[in-house]
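In the two assemblies presented below, chain A is common to both, partnered first by chain B and then by chain C.
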Partner chain A sequence: MSRVRLFDLARPSRQHLLGYILLTPAVLLVGLIIVYPLIISIDLSLQAVKLPRIGAPRAPFTTANYERLFASSEFWMACWVTLKLVVVVTAGSLITGVSTALLVNNRFRGRTLARLAMALPWAVPEVIAVVIFAWIFDSSFGLMSWLLVTLGLSDGMVAWVSTPGAAFWAVAITMIWKGYPFVSIMTLAGLQSIPTDFYNAAKVDGANVFQRFRWITLPLLMPVLGVTLVLVILWVFRDFSIIKVLTEGGPLKSTQTLSIMTYDQAFGFFNFGYASAVGVVTLVICVVASLLLLGRQTRAMY
Partner chain B sequence: MTTTFGRFVRTATAAAMLSATMLSPALADTTLKFVSWQVDDAGTGDWWKAAIAAFEEANPGVKVEFTKVERAAYADTMTTLFAGGQPPHIVHLASFEFQSFAENGWMENLGPWLDKDGIDMTGWAGQGKCMWNGETACIMMNYFGFIMAYNKAILEKEGLSVPTTYAEFLEVARKTTKDFNGDGITDQYGTGHETKGGAGQYLTEMLSYILDAGAYWTDKDGNITIDTPEMVEGLTRWKTVVKEGLTPIDLSAGDIRKLFADGKMALRLDGPWLYGIMQKGAASADTAVAEPAFSPPVGGSSNVLGMASEISDEEKALVWDFIKLVMSPEWQRKYATIGKNTPPSPAADVSGVEQEVPHFPLLIKTMMAASDAGVDRIPTGLEIQYNEFGKMVQEEVQRMLIEDLDPAEVVKVMQERAETIKNGG
Partner chain C sequence: MNRTPLQSLALYGTVVLLAALILFPVYWLLVTAVSTSADLSQLPPSFWPDEAQWGTFAKVWEERPIPLWLLNSMLAAIGSVTLSMVVSVLAGYALSRFTIRGGHSLGLFILTAKMLPATLLVIPLFSIFRNFGMIGSLWTLVLAHSTLIIPFTTWMLKGYFDTIPRELEQAAMVDGCSPMGAMVRVVLPVATPGLAATSLYAFVLSWADYAYARTFLVNAPDSWTANLGITTMRGEYSTDWNEISAAAVFVAVPIIVIYLFLERYLVGGLTAGAEK
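For the complex of A and B:
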């Protein structure tokens, strides 16, 4: 009888156990597919390993990969490119996303269609989107260069992929196109949770549209925008396929982010130890950035 | 009744045991995994499929699981399979990537298997490249020479003949690069090179100009030989072709080949596989092949076949049977007739193949020319660092084009960086 009572999860004092039991499969799964590979990566980054093998004896401990990494101009260049891309793409996605969300939050004929069009880039699989943009930015026959030539803005075709500046902007534009719908959808959800009474009261007080946006919409959207900002930044940090398909990190490493550098070192040059070190440093940067942003956001909310 | 039943049980048990001992483990139901990027290739893919069918017929109960992995993701996939302890039994790799796998001990030494069956590899084209750390890591499956495809209609329209030297090639390329409507967009190119793909392909595209100028990345002993007047000339030629817009830029090899096949390009230097694409193009009636205008032609090893070292002995025996089959003179001839490519085996009887593949003598001629000149795409001494070396060369050449640098200065930087890579820096 006492045995039955021991496993009586309905008892108030043991209700927390039920929660733990229900969480266990998810925790185990996360541990298996995220934590375990992470531990392997950290371990690999502390070994001089070219090609690893599961179950192989561990190579001697070394910090050589990290020493090489921090002394490498390529690593700092990749950090700089990643930072530039994070700033440009996040800003572009936020501005475009918030603007389109504000637009489709209004009542007008064809609003449903407009909302659908707004969300469309998000629904397109990333690789397909990149292939489309690869053709748009094609240096010999691309639509973008044709437009520039036709409009008289360029004397000839623009070498989008083989000019460092143009390649960076080709990547950034593609990422903004792919990323802004997420911001739009999140913002739209946030906008719809703002009570209309606030706006009515502000109108009675004589606030114009910009004042209403500045003092009502923006502060009430901040919790949503804060989380969205973190997610967009993390997406830009780890995104791989857009850059890989469009420019492969070139030319002259002008679009080589930390993700591309990790891939090249691992699968291009078979330097798995060094690639793991790049991956671990990228992870640390992402965690620190997330903590800083979420910390600020938490204070803003409460 | 009991006696009869007991006799039946004993007989049945004995029969079962006898069957089990008589059946070779190799004949039991087995599936051999074989991953390749050539599964859907016209010609070569058909040849692999035919060989697999023949092997399965000769080995009842044995299946070959022939799976395609795209070339772009091939090194990643194979690395992951090997690292995870699940390698394919039959190992198919590009000749520039097997070295890392062999260095890691993942490839079976085929030397003892060859010795056991008394197979003499003398004269097998490109087989020397398969020797790694004194062991036979693989069997070379293809050694090829470049051909030059041209569009007869474009050349005739300009009153030009098929070029036979670099100077003539340049002249034809210049005269056939056209912006017909004057909108600033080139409508027809003199030639075409892939400049968007991987570094290895970028190097291959440049190589015709470099070899013809008498240069190469390393010498026979593996010493870096980039800082030479010949290399300056080779790079100058490449710079000329790209900077003058005689080739479209930032296109993949597939796009370039399609442009040629559809009649938007006058000349294209490529491997034997171009012919199949030409035949399917919109301008198939106008395109033809000739000897390259560059001497020696680009050529060399393409792909290799081996076996994983960490599979069971029974599986190794079956894999070896498969390798032996595709190495046999009969299947080497079929490599020409079905695969429309040059077989590496000296024992392959290729007489009469030209009746099925009209340009086959040309393929043999350019392959021999490349082989006699000792040409290979993978520089001696840089095999294991080939990807890193290729990336470096691609980057420095791009810098030369973007910043309009003097090739004489570029070769000095490339020489220094190549030596650093070679020395493990």
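For the complex of A and C:
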């Protein structure tokens, strides 16, 4: 009788073992570069520390960072800015993204080219998008100010980046330009998965173009739009480069989101403990918001 | 679908108008790059310079360390994409073919990983890299970019493997292949387009990073990536907009070229297993 080969992976009973073996490198790496750092940052948020060394004796446990955070007007201001930005950018991206998708979903000559053009900003790195818009929003010779003056909407050149209200809109417009192609691509995929039979049947029943949109396109698009919406919100919540390079969160912290506040507390003021607390709260908000928004649909996200 | 000429006109008109509006910022980047400083400090702005200064591209390429920045971005991307792809191919295959206990919680975990703000993760990563004396080295980016890439690529690849029939491997195993052999010799070759698209998508994720590069490499100009380098071209008081725009074109072009190849695979990438 032959020896029992414990590690004969070809044996059906050992099949699941191979699965775990293949998964091991990913689990180890993710543990090392995501889970372990995440545990460190939660730990940091519960210590009163500035710039600690890892492996040094741990500072005493304290919730001071969180108490300070919830008592700070800067934090609530950052929440407000984040919320405003999320609403404006999500609405803008959704409207632009869905309408471009509906448009290129029509059959016409040059449609492939139009599809490529409509989603091109997806391919422009965020920092490069900021270079473009920083110049468009330049306070001396920027195109946007000139346009507003020419159209009679503004008396003089607007100092976009140094005026609180204007800076917010400069950030929002840049983010919409960068963010809507994602919505467009996702919506187009959703549209193309709707069987044409549905439309034909509706036409036979005498439904006009608006009724077909309202009763066929929209309901069937909803699941895709739901997931897309959450992903856009998460992106705005966590974005760093656009705001940091365009306005640095200023002026007067008028464009400082939670993400920017986390970063500046850590690498501007070297308050690692406090910064981690801001970051952990941001993560909790992100997780709770997505669970609430998606509800039972959460599974669709992964 | 038959349209009346009027409907056709409206459709084409809208498409052209919207495309022009969307592409205008990219056009403006090019115009700015080939304008003189004098052109750029006048109002009304000129929408095409009298004499296009194509030499600005050569000037910026020679006077600024753009080749170095691009090389660094490339190295960070190749390193992180290679690392991420090796572990994600194995993991994606495992998740597609085997019943893994705890697979559901693993999915939830990946979902949370996608929600992690980089500005939170960068704090402990900085502490860890500082302990190991890695600050200033491109290796920090290889690891940090993998945190961005792996959650996406694992599920993207699982999705691709799901579309490949299991009968392929079963046939190979009947012919005497080991399970690993069946994966390497039969499944991976079939999955090549998916692997290529996933790698390109991962490349884009790495190339776009600014937060990690800025934090780990800001004091090491020799390691600056393209995105980090370009932000240093903005002066505190004045900026040579034509030069920074020309540099920006160099940084954007590789990704735009990839996008043109990737576009039809993009949905798979963006949803990363979102369907079903």
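Here, the second predicted complex is superposed on the first by the 277 of 302 C-alpha atoms of A that agree within 3 Å, B and C clash if a C-alpha of one lies under 4 Å from a C-alpha of the other, contacts with A are read in each partner's own complex, and residues count from 1 in each chain.
Keep in mind that, in the parts below, a contact is a pair of C-beta atoms (placed from the backbone, for glycine too) under 8 Å apart; a residue touches a chain by one contact, two chains touch by 3 or more.
Since this is a predicted model, take the numbers as computed values, not measurements.
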{"item": "Superposed partners chain B and chain C on chain A - clash or fit", "value": "clash"}
{"item": "Which superposed partner A:118 touches (first chain B, second chain C, both, neither)", "value": "second"}
{"item": "Which of chain B and chain C A:53 touches, first, second, both or neither", "value": "both"}
{"item": "Partner chain in contact with A:153 - chain B first, chain C second, else both or neither", "value": "neither"}
{"item": "First, second, both or neither for A:140, with chain B first and chain C second", "value": "both"}
{"item": "Which superposed partner A:100 touches (first chain B, second chain C, both, neither)", "value": "second"}
{"item": "Per-residue touch tally on chain A - higher for chain B or for chain C", "value": "C"}
{"item": "Chain B versus chain C as contact partner of A:91, first or second or both or neither", "value": "neither"}
{"item": "Touched partner set for A:267, first chain B, second chain C, both or neither", "value": "both"}
{"item": "Contacts of A:161 with chain B and chain C, given as first, second, both or neither", "value": "first"}
{"item": "Stretch in clash, chain C with chain B, out of 147-155, 165-173 or 237-245", "value": "237-245"}
{"item": "Touching both chain C and chain B, counted on chain A across the two superposed complexes", "value": "52-55, 138, 140-141, 146, 150, 266-267"}
{"item": "List of chain B residues in touch with chain A within their complex", "value": "75-76, 79, 82-85, 100-101, 103-104, 106, 183-186, 195-196, 198, 248-251, 385, 387-388, 391, 394-395, 398-399, 401-402"}
{"item": "Residue numbers on chain A that touch chain B, as the complex places them", "value": "50-55, 138-141, 145-146, 149-150, 154-157, 159-164, 248, 250-253, 264, 266-270"}
{"item": "Contacting residues of chain C [partner chain A, same complex]", "value": "1, 8, 11-12, 14-15, 18-19, 22-23, 25-26, 28-29, 32, 40-45, 83, 86-88, 90-91, 93-95, 97-100, 107-108, 110-128, 130-131, 143-144, 146-147, 150, 154-155, 173, 178-180, 204, 207-208, 210-211, 214-215, 227, 230-231, 234, 241, 244-245, 248, 251-252, 255-256, 258-260, 263, 266-267, 270-275"}
{"item": "For the chain A and chain C complex, residues of the former touching the latter", "value": "9-10, 15-16, 18-20, 22-23, 25-27, 29-30, 33-34, 36-38, 40-41, 44, 52-55, 99-100, 103-104, 106-108, 110, 114-129, 131-136, 138, 140-141, 143, 146, 150, 177, 182, 185-186, 188-189, 227, 234, 237-238, 240-241, 244-245, 258-260, 262-263, 266-267, 272, 275-276, 279-280, 282-283, 286-287, 290, 298-302"}
